[in-house]
Amino acid sequence: MIALNKETLLQFALLRWQRLRRNFDDLDALRQRLDYQTYLLAVCALAASLLLGIGDLVTKEAIAERQAEDLRATLGQVLPEALYDNDVLASLRVIPSAGEGTGLDRTEVFVAKKGGEVSAVAFKMLATGGYAGDLTLMVGVDRDGKILGVRVISHAETPGLGDKVETSKSGWILGFNGRSLSNTSPQGWRVKKDGGDFDQFAGATITPRAVVKGVEGGLKFFERHRQELLTATE
Amino acid sequence: MSESLSRIAKEGLWSNNIVFSQSIALCPLLAVTGTTTNGLGMGLATTAVLMVCNLLISYGRLLIPSEIRIPVFVALIAMVVTLVDMLMNAWLHELHKVLGLFIPLIVTNCAILGRAEAYASRKPPVYALFDGLMMGLGFTLALVVLGAAREVSGSGTLFANASLLLGQGFAWLETTLIPEYRGFLLMALPPGGFLMLGFILAGKRLLDKRLARRPLRNAAIEQPLAENV
Amino acid sequence: MVVLDINALWRRRSKIRGGVHPEPRKESTADKPIVTDFPLPERLYLPLQQHLGQPAEPVVRAGDKVLKGQLLAASRGAVSASVHASTSGTVAGIEEYPAPHPSGLPTPTIVLEPDGEDRWIEGAGEADPFSLTPEELCARVDQAGIVGLGGAAFPSAMKLNLGWRTRINTLIINGGECEPYLTCDDRLMRERAAEIVEGVRIMLHGLQCPTALIAIEDNKPEAYAAMLDAAKKHGRIEVVQVPSLYPMGWEKNLVTHLTGKEVPAGGRPTDVGVLLHNVATAYAVQRAVRYGRPLISRVVTVSGEAVEAPRNVEAPLGTLLSELLAFCGHKPERTARYVMGGPMMGDHLPHVQVPLVKRTSGILALTPEEIQAADARPCIRCGRCVSACPVGLLPLEMMTRIRAGQLDAAVSFGLRDCISCSSCSYVCPSRIPLVHYFKYASGELMARQQAQQKTEQTNRLAEEKRRRLERAKQAAAARKAQASAKEDAS
Amino acid sequence: MSKVYLPVAPLTGADHPVQAIMAQVVLALVPATAFGLFLFGWPALYLFLTTVLSAVLFEAVCLKLAGKPASLFLLDGSALLTGWLLALSLPPWAPWWIGVTGAGLAIIVGKQIYGGIGQNLFNPAMLARVALLVSFPLEMTTWAQPAPLFSGQAPGLLQALGITFGGAGIDGFASATVIGHAKTELSQGKTLVEAFANGQFGLAGAWLGWIPGSLGETSALLVAVGGVWLLRKRIITWHIPVSLLATVAALATVFHLIDGDRYLGPLWHLGAGGVMLAAFFIATDYVTSPGSPKGQLIFGAGCGLLIFVIRTWGGFPEGVGFAVLLMNALTPVIDYYVRPRIYGRDYKGKPLKLPEGKE
């Protein structure tokens, strides 16, 4: 039996190291060797993966934080701050909503509470039938079913025509504030050209039509699940 | 020594400019130069990637066999770009929201692999780093010039949203040059990028021709006209 | 007869592609009879080369007395034509004299001083030409120095020879004369129809060919009537009217229009069993075979606005064009351009101190108003040249390629098939001299080809030399080895 | 020797110098233009003049910059024609700067950058129209209701100045074109029968021109009359117009028969929008269409196909500009591959085979 003591191990390691070092004395010869090339590629890949892992660890938290901030900012536009004291992001509820007007099979609803009492909700939804596909909306509704705010989060409408649904282009979308199914008749939930209450933009009627129809569908969705949402518990 | 550095600077910024002379890296160029700020951000991100990659590759140039250099370069570049992407997402989030889609595309930016191949793998680290800096700045220059031209003609503003990139201290950069401008969408869209790039390239060639002719006239010495094609 | 009917059917079917309708401008000469009393000039200049192929070899020397019709220079080789004295007189010399060619460069020319007697040499006429064999007929035509009188100047004997050897089904006599101004063939057909028809019959006999078609454009009803009348006795000869359209007289157009056959690219009409001759050539053949008269004169149209009395003149070959013009009341001060031949395909002459040659069908003195010179503008790609091209080329594409120096690309668009008919230039609204581009490019290609042949030849010679040396070396080595082997053996 | 430039043939040119061609095309446009100007009144006239004048002006400036003789090139009338065609394709009550920008795009970007007349790849007027449509979608899709001169609803001289030069807006008069209307209604899930139920658009109106639209697309009949006159004058050949119109008509017929509720019929397709203008005046642009008759047939059919596809399934209601530009891009390819058969050769350019027994 050979005892694997510390000394022999060290000696062995030193020997190997020296042999390895000697390889590097003649770089030109080394570079030609297939095994060296294989190892080098492996080392590079390993190092890259390692660094990426570290990078991910370092930035993970910050990135999650930023994304939450983004969402909070959007929510803040449709939910007045005075209405809630809870962490809205944390009080997320998922409601099955196939065929209920939000354009989604499962609608994520953020519930805002003040003093434990549900004061308002906000949900993301799709407005279908835009000029160039669907528009993603964030709709805020208070507990009585009155709209607190609507924002278009993403869309592909024609720049210069349909993009007036963005707040940076025009204030048209603010016209929904305060509307509800009860204070606006079903006939009213249309653009003026079709005999309703809402303006269309000059040159474009398709986009506003889609948004108006979408928001109405969103309100109907809220109406249907009102009880369930208002009695939400932690 | 210094002469060589100054030549590197001149090449990177002007005579061998990635965009104006080599006409490469046009995809990110046309995609992000809708506004000056975006161009600047993309340019700086690319510069950072270019410098780090050049430096790493120059250090390893003696160790990397030519047979496997391309996979090694690609692995390195992809790593650096991904790191930049993550870091920007974390600390320059607003800009990342705008450029996010295009940052990963830096990997496919042929300028970076091109510099690694043509310069960094042959020159010592200091020069490679400096070359990366100058090529990157040259690219940034192109992006900013094109971005500015497109932004002014497309929407009448300059450096819109600069504070997102540079911090609130630079909010003064955001100017509206043409108030009440209706916006010339074509310029903000990719075709406008091509159009404007064409005009800028033509302008640069005109300028180069003038510059080449001047010493000829003054010194009356036979000099071949330097033409950058 | 059935055969003819099928041909007639074909005729109706094959439509001619492209073509243009230039103003005919024939009225000033068409109704005046041919002038036959043109006074003998002071001197006659007879170039040795008035035809395609090898120049003729002079058989006289300065100071020799010659009679009218006497051989001055004999044809040399298969593709060549003899030159005869246009009148009796003295050979003043054989010298370089400007040729009727756009370049105006001098060529070897026999200068003849007429003695005014105009005495014919003893000619060997043939009372019955139809008793001769095809070979004998060809020999007669060759001796008479007859070439294609429509403008191509290809030796006629050569053509006839080729024709009867390759079995011709149809002989087409080209009375198209589609070029503006020219009426010499028209007048010839009106005034000497019988002689032409006999010439055609002689040619048919010589070719052993069953049928002949005489094609006359439908803007020459008098000529048609005259020819019809002359030919009606002879069943094998049919006179047909063809639409007046430029370039109807292009031989391949006539072949396709009349027989429905298309001549393959790079081929000749004989490839599809058709031979073409001009009406004037037929007339010359008749004169040569029946009366033994060589080709020493021809009918030429003298016209243009700068000529006071335009008409057709039968003049001896070698007459200076300036004298012909002066005879018809030429006004040099009004002349902007001299053209030999028709205005579409003819040559611009720098001056008219050049002789009348066999291929000269017309001499035009044109006023500035007639040429309407205009600067070329950029091509607007209107495509008129495409629809005008009788060959089916894309002149505008060829022109852009040539301008860009891409001759090979131009060739791929059919440059080699261009017949230089000028239809494209004629219709071009931008007045681009398209045909100039094509002529230039063709010349360039030919030069290139010649240079290449030269290099190839040099290379071949060098290679041969190398091989020769090599062989010599090997032989020497072999001898040496053999010798040493012998030595060893011994 | 071979380099000698021989001044040969032919002596006389044909009777169609470039200016005469341009003049005749303009003349053919006059009836439709005059009708359009009458229909849309003073603002249309102002915009028309602005566009045409600025086109000529831009051309003059470019020629001066390029050092070309302005007199020679300006007088060929091509800039006038380009400006004219552009003006015909604009909404008649668009503000003045639309016309100026469009003229600049057409002449500078569409024509002079390529090297001037005859060199451009794309039809300048259509290039400008599409660029304008992409850049200013609002202004370019706001159509005025017909308000004939001297009629009650027509704006007066001064009011018109306000519309064209003052940015007064035309909200009160705004309307949609036939095709745009059909497209909007279809996208709302209505059938065509319902869409045209209110009688705002009549088929006769579309052909005669009593509908909203650009100057050149209102009266299909007058445009066609001008086009037929051009055909008779041999300024254009029949190939492009016939193949374009036939393709549109055939496709429209087939789809209309399949589902009349979703697809407009051929008469609508031919009578409305810019199809007639494109068929006779725009697709037939010499510079940007193939040179050979067969190439022109393919080009016309391609335009027709694209027009129908874009109109029916594309994002924009009107596809003429895009269709023509796309086919323009194919013109060099068509010209390269589609050539007339050369005499004595087959379609591949090989010499014909000799008949039997001959060598």
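We call the chains A, B, C and D, going by the order they appear; numbering starts again at 1 in every chain.
Following the convention adopted for this analysis, a residue touches a chain if its C-beta (ideal position, glycine included) is under 8 Å from a C-beta of that chain, and two chains touch if they have at least 3 such contacts.
What you see is a predicted model; the values in this text were computed from it and never measured.
Chains that touch both chain A and chain D: B.
Distance from each chain's C-alpha mean to the overall C-alpha mean is smallest for D. In terms of the distance between Cα centroids, chain C is separated most widely from A.
Between chain A and chain C the centroid-to-centroid distance comes to 86 Å (mean Cα coordinates, whole Å).
Mean C-alpha positions place chain A and chain B at a centre distance of 31 Å. Between chain B and chain C, the centres computed from C-alpha atoms are 68 Å apart. Spacing of chain C relative to chain D, judged by their CA centroids, is 49 angstrom. Residues of chain C found to touch two or more other chains are absent.
Listed for chain B are residues 183, 185, 189, each touching two or more other chains. With touch defined as above, residues shared between interfaces to two or more other chains in chain D number as follows: 135-137. The full set of touching chain pairs reads A-B, A-D, B-D, C-D.
By the touch criterion stated above, chain B contacts chain D in their complex at residues 182-187, 189, 191, 195, 198.
Residues 27, 31-32, 36-37, 40-41, 44-45, 48, 51-52, 55-56, 58-59, 62-63, 66, 69-70, 159-160 of chain A touch chain B in their complex. Considering their complex, residues 17, 20, 22-23, 102-103, 166, 180, 252, 256, 261-267, 271-273, 337, 339, 343-348, 366, 370-372, 374-375, 377-384, 386-387, 389-394, 396-397, 412-414, 417, 420, 422, 425-431, 435-436, 439-440, 443-444, 446-447 of chain C touch chain D. Put simply, chain B touches chain A in their complex at residues 62-68, 71-72, 75-76, 78-79, 82-83, 86-87, 89-91, 93, 97, 183, 185, 188-189.
Interface residues of chain A facing chain D in the complex, by the touch rule stated above, are 129, 131-132, 158-161, 202-206, 209.
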